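Below, chain A partners chain B and then partners chain C, in two separate complexes.
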Partner chain A sequence: MAETTVVGLGSAARSRRFFLVGAIMVGALVLAAAAAPWLTPYDPDAIVVMAYRGPLGPGNGHLFGTDTVGRDVWARVLYGARTSLFVGTLAMAISLVIGMAIGLAAGYFGGLVDAVLMWVVDLFLTMPSLLLLIVLATVLPPSIFTIPLVIGLLGWTTFGRTVRGEVLTLRERDYVQAARALGATDARIIVRHLVPGVLPGVIVLAALGMSGAIIVDAGLSYLGLGVPLPTPSWGRMVSDAQTYVGVAPWLVVAPGVAIALAVVGLNLIGYGLIDLLAERRA
Partner chain B sequence: MTSLAPLVEVRDVHKRFPVGGGLFGRARAWVHAVDGVSLTIHQGETLGLVGESGCGKSTLGRLILRLLEPTAGEVLFDGRSLLALSARELRAMRREMQIVFQDPYGSLNPRMRVASIVGEGLAIHRLGTRRERRARVDELLALVGLPPDAADRYPHEFSGGQRQRIGIARALAVRPRFIVADEAVSALDVSIQAQILNLLHDLQRQLGLTLLFIAHDLRVVEHMSDRVAIMYLGRIVECGPREEIYRNPRHPYTRTLLSAVPVPDPRRRKQRMVLGGDLPSPVRPPPGCAFHPRCGHALDVCRRDIPPLETGRGGHAVACHVFPAERVSAADG
Partner chain C sequence: MRRASLAALVLLTACAVPLDPPPPGEPDGAGPPRAGGVLRGASPEDPRTLDPARGYDTVSWAIEQMLFNTLVDYDAGTTIVPELAESWTMSDDGRLVTFTLRHDVRFSTRRAFTAADVKYSMERLLKPSIHSQGAEFFHGIEGAEDYVAGKATEVSGIRTPAPDRVEFRLTEVDPLFLHKLTMPFAAVVDRDTVERVGDDDFTRYPVGTGAFVLEEWTYGQRLKLARNPDYFRPGRPYLDGVEETIGVSAQLAWFKYQRGELDLAGIPPAEYERVRADARYQPLLLSRTTLRTQYLGLNCALWPFDHVAVRQAMNLAIDKQRLIDLIDGQGVIANTILPPDMPGAEPVPGYAHDPAAARRKLEEAGLAGGFETTLWTYRDPEVSLRLAQSIQRDLQAIGIALDLKPVDFPALIEAVRHEGTVPVFLLGWEADFPDPSNFLTVLLHSRSRDTNNNTFYANPVVDRLLDEGAPLLDLDRRFRLFHEAEVLIMQDAPWVPLFHPAGSAVRHPRVRDYELHPLRPSRLENTWLAW
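Take a look at the complex of A and B:
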């Protein structure tokens, strides 16, 4: 009996494979981000070519070549992983905390609380989020925290709705009634009985939410609204390189593959987990 | 045992649930799940509460524990009105009254170990140190007949009967005086039912518990109860000492229920009374006596007036126009 609202993949073996492949992909990225200084001798922001004659192709000590300014692309991709994972994790964490709090409150207390909170959710859902993202990213002072904050503040509705839905079924369970009969406070019921119950579904959403945040970040960076300039960012790398696609395709391919790796990996983890977590509860 | 002081007094309690209608919309209709019930449960006795599914017996049990808020009426526990208590006072009071649920699967949190489940009440009321609580959990597991190593296992590792024992241990942990057993054996195999019934019976005598035993089957209630109340469509239709109800049932509904009890003797053929039709909708109960559309004895008055529950000889109360309670004679004093 799966309590998650996202539909699983059907077979457990297939889910395990999905999860494993996703974990390897994301694991590789985490490793790249953590070990970046040991994986490249170059500073991602330094101009490393002596005499600039346009972007250098892969090889000659530069695995992915150099970019239009003469920086090492492999180094920028590695350090870019730090940026993307940071943005993805922080945005997802913000969404998760807001969404859990609102979903738990709406589902558990019901009535007017539920009505008001769900009205807020609908409000957020009807707003054109990309437009709002662009406006907020423009208005707020640029910093490495701005983008994840904005993405997180706008992306919690899925968490909120899913958690509320699960709480609505969980709170009618006899074990929740038993806790009430024992004299448990609302806080205790929520922390001890409801949060553990919604967690499996939330973990799945967290993986999917993180991949979504990375895509949005890449998109915003592509539009020139991402993390401020010296910080290496995959989205901006793609954007900076687009006019050179014909002469220096590696400038687009390298960060593009990195983005795809992160997004596909996280999605595989998410979809794999749906069935794996459901299976453990059976 | 009925001479003892009352522990639980239910006074004209009503509960209605809205049907239909949206969040802000007006309810289109109301279900009168409990429609004016008064009853008393005495210190140390077991009251069996019997009725078909949907008659409101579980709702009544939860109203008594204030797990549901009554629409009207009053519930006294040990002389104190439960409805007058503040949230904090009520939480403290909950130690005194506990519940055992019907569904042995839904009533235990699948993500908690048995030790945490059974010890939850102790943790909530901060009874003893961590080590003392653990010792008490082991004691309780032994009391309900579970192996000591059960404490570190999860609910899914147990059978239905064992899980019901865990639920009983959880209820007993806070040393309550009153327990509502809400169809506590209905979901179990017949052989397991007997075990759990015996366990409850033993515990009740050992610990001096007061029990409200809710069931849809008169047979289950018979061994357990000192007194039995029959409920039909939100009202008590008959109530009295066990012998009176089983030997001298008066309400046609009670008699129908009794005739449905299987007799384990192939030579004894019983005249079986079969109920026609289903339980009428509690949204629109029939006028007069709610049982009259299914009753073979119904008179005109039954279709018009609701019969009051009147107490007669031997504390035997009946709500029926045709078979009213027997008059108290002078000999009974």
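Take a look at the complex of A and C:
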């Protein structure tokens, strides 16, 4: 979750195409997550093989075979989409709320408030985030809410800085000055005039932030710190199957492809949006 | 999406890697053992120590056993046979054990071995400054307590009436005493070397009477043993040496074995099923049941496992056959606490897999609605967590919601010792000695609650049976009492015995007469290389 400079993809037509492809990929995942019970007859946690004799290969009613406990991999990938999308969305939302609040306050009030808040941002940026994630994920009681909470609490700095930067220019605009002259309260100016102004940039960051959160979740799950077992999670599936890569590659490939789909899709949406939104504004 | 997954399916099936063949060569064949050659092994890490007074893990023991000897040892099974001792006698009251020593034994420094070396080695083990985990096994020798406390300069109960005789006088009868003497703790070390290099450096200059001598130990890289030409068993060992490459993970060792670069290797769990099913590997596969039991410990001091019916329900709910399947058949179902190879082990009425009966037991305990609890387990995704998820599923079927808490192994061992902390845990126990007390007394006597009785099980009747059996030298009576105790323990059900795992390994076709041992790391004295 390093700071990134967000640059568009060049032409508007290309952006639109990329956005569309991203939207289709992510849409498919959302659909798969929502319709999981109709896309597979299996419970993702149920042990479906009668007698375990190693992981079963794809086929025989198991699209992606079965895993090292005897569960259906396709079902786990589908339900894993729920986990990943939930973690990604919640983490992103937490980052977004914190980042926007801090960015708006810092940018709008300036002065000491800005200095202190930016100092907090710098403080967060200097901390080795993966290490901190591991510590927090270990210390906090494991649950489906812990991981997004931890990721969200550590991932808001990009939002904060970007929003602050936007606000710094927006607050000098005539309409903001006019509102202030008319006696509008700080709260009203922030909510009515600044928030809509920073929203386009934030939406782009949200898409990228969500893909980042999914990657971090996969990483934590890979380290064994993700959502508690047996809840299916893509990162966990990859890590649990790594020694089986030669024996049963589908165990790694299926969740691996799913992670790639989600991340690439969300990134395409994010980068596509940059140009599309710039185009609209122009 | 469907079409995409179909494409993926084709891709996936295409990239499964076939099992590589084992190293080439005739796996068996007649002919007398051939002398010569260096056996190549590998290990992920250095042994913790090569000082036999200090090592208490299989990696250290494996090497120590080749460098040192003990007065007595096990045969290929669990029968005690002479080693440095030629013979021994026990007095009628069982408190005096006298060994007659071999005359042809020399240290690898060529100095002749005598009874004084036995006494020296035992006193060194007991010395408080050594901090040996094995010292307590020998506190029953007369005078040992005084010696440990610094009140005596020698252990009065170890006497050497002649250079080839050593006597141990015990404070009370100890039927396990000979077993204790087989442990590498009691190995005979070379006094001259210890005094020259000091206690702490002896691990780097370990000199004993064993079949091999240490030639080189470069930390993190390799450990080389060379044949001891003065070894007392004529013609042994056959090998010129043993070379252990250090820093090789289990997975890498497997690849190196397949390439013919290692003579012995373990089989990664992921590959085991394919290896077993492969005719090319069958003659090279070694497997043997060990004196181990893998079990679920139920904390009898914590609700709801303070209800015996709940503990019995747990026993009835778990599908052990599936656990055996998950470990690729490397073991047998456990319906008792004692492993089947344990002397004195007899069938005990256990619990069949019967979820309906399990549910009735829960009703009996007033918990028909189920409950939620936490299973602490080693965080090893290859075995423990797979087993844990299968158990989780079985318990879910009778309404018990089992959260998994995967932790590091040292943390697990530490946590289970605290009475109010761990409701359920998944652990195994491997016997130090082939005697029922090493399971029943060590793990289930109420006196052991502050050490290894991590279920905090306490039954005065069981305690009495165990205490009554402990000093008995008459094996029939001894085993009968332990059996009675085991029957009671199984009724009280502080454990869910899961399975008795087997050990397995593969050998290079050129490796001959290599056997796995039920209790100890394998020794290589009789092993030879066909080319």
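Here is the rule we use: the second predicted complex is superposed on the first by the 277 of 282 C-alpha atoms of A that agree within 3 Å, B and C clash if a C-alpha of one lies under 4 Å from a C-alpha of the other, contacts with A are read in each partner's own complex, and residues count from 1 in each chain.
Quick note on the criterion: contacts are C-beta pairs under 8 Å (C-beta built on N, C-alpha and C of every residue); 3 or more make two chains touch, one makes a residue touch a chain.
These numbers come from a predicted model, not from an experiment.
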item	value
Chain C versus chain B on the shared chain A, clash or fit after superposition	fit
Touched partner set for A:T169, first chain B, second chain C, both or neither	neither
Chain B versus chain C as contact partner of A:V69, first or second or both or neither	second
Touching partner for A:A46 - first (chain B), second (chain C), both, neither	second
Superposition-derived angle with apex at the Cα centre of chain A and sides reaching chain B and chain C, degrees in steps of 10	150
Which of chain B and chain C A:L182 touches, first, second, both or neither	first
When both partners are placed on the shared chain, which of chain B and chain C touches more of chain A	C
Which of chain B and chain C A:G224 touches, first, second, both or neither	second
First, second, both or neither for A:G57, with chain B first and chain C second	second
Partner chain in contact with A:G197 - chain B first, chain C second, else both or neither	first
Chain C versus chain B - closest C-alpha approach in the superposed model, Å	39
Chain C residues within the chain A interface of the complex	1, 5, 8-9, 11-13, 15-17, 251, 268-271, 273-274, 321-322, 325-326, 328, 379, 381-382, 385-386, 388-390, 392-393, 403-406
Contact set on chain A toward chain B in their complex	114-115, 173-175, 177-185, 188, 192-193, 196-197, 281
Chain C contact footprint on chain A (complex, rising order)	28, 31-32, 45-47, 51-54, 57-59, 63-65, 68-70, 74, 142, 224, 228-230, 239-240, 243-244, 246-250, 253-254, 257
Contacting residues of chain B [partner chain A, same complex]	23-24, 62, 65, 67, 90-95, 97-99, 101-103, 106-112, 117, 120-121, 124-125, 167, 170, 174
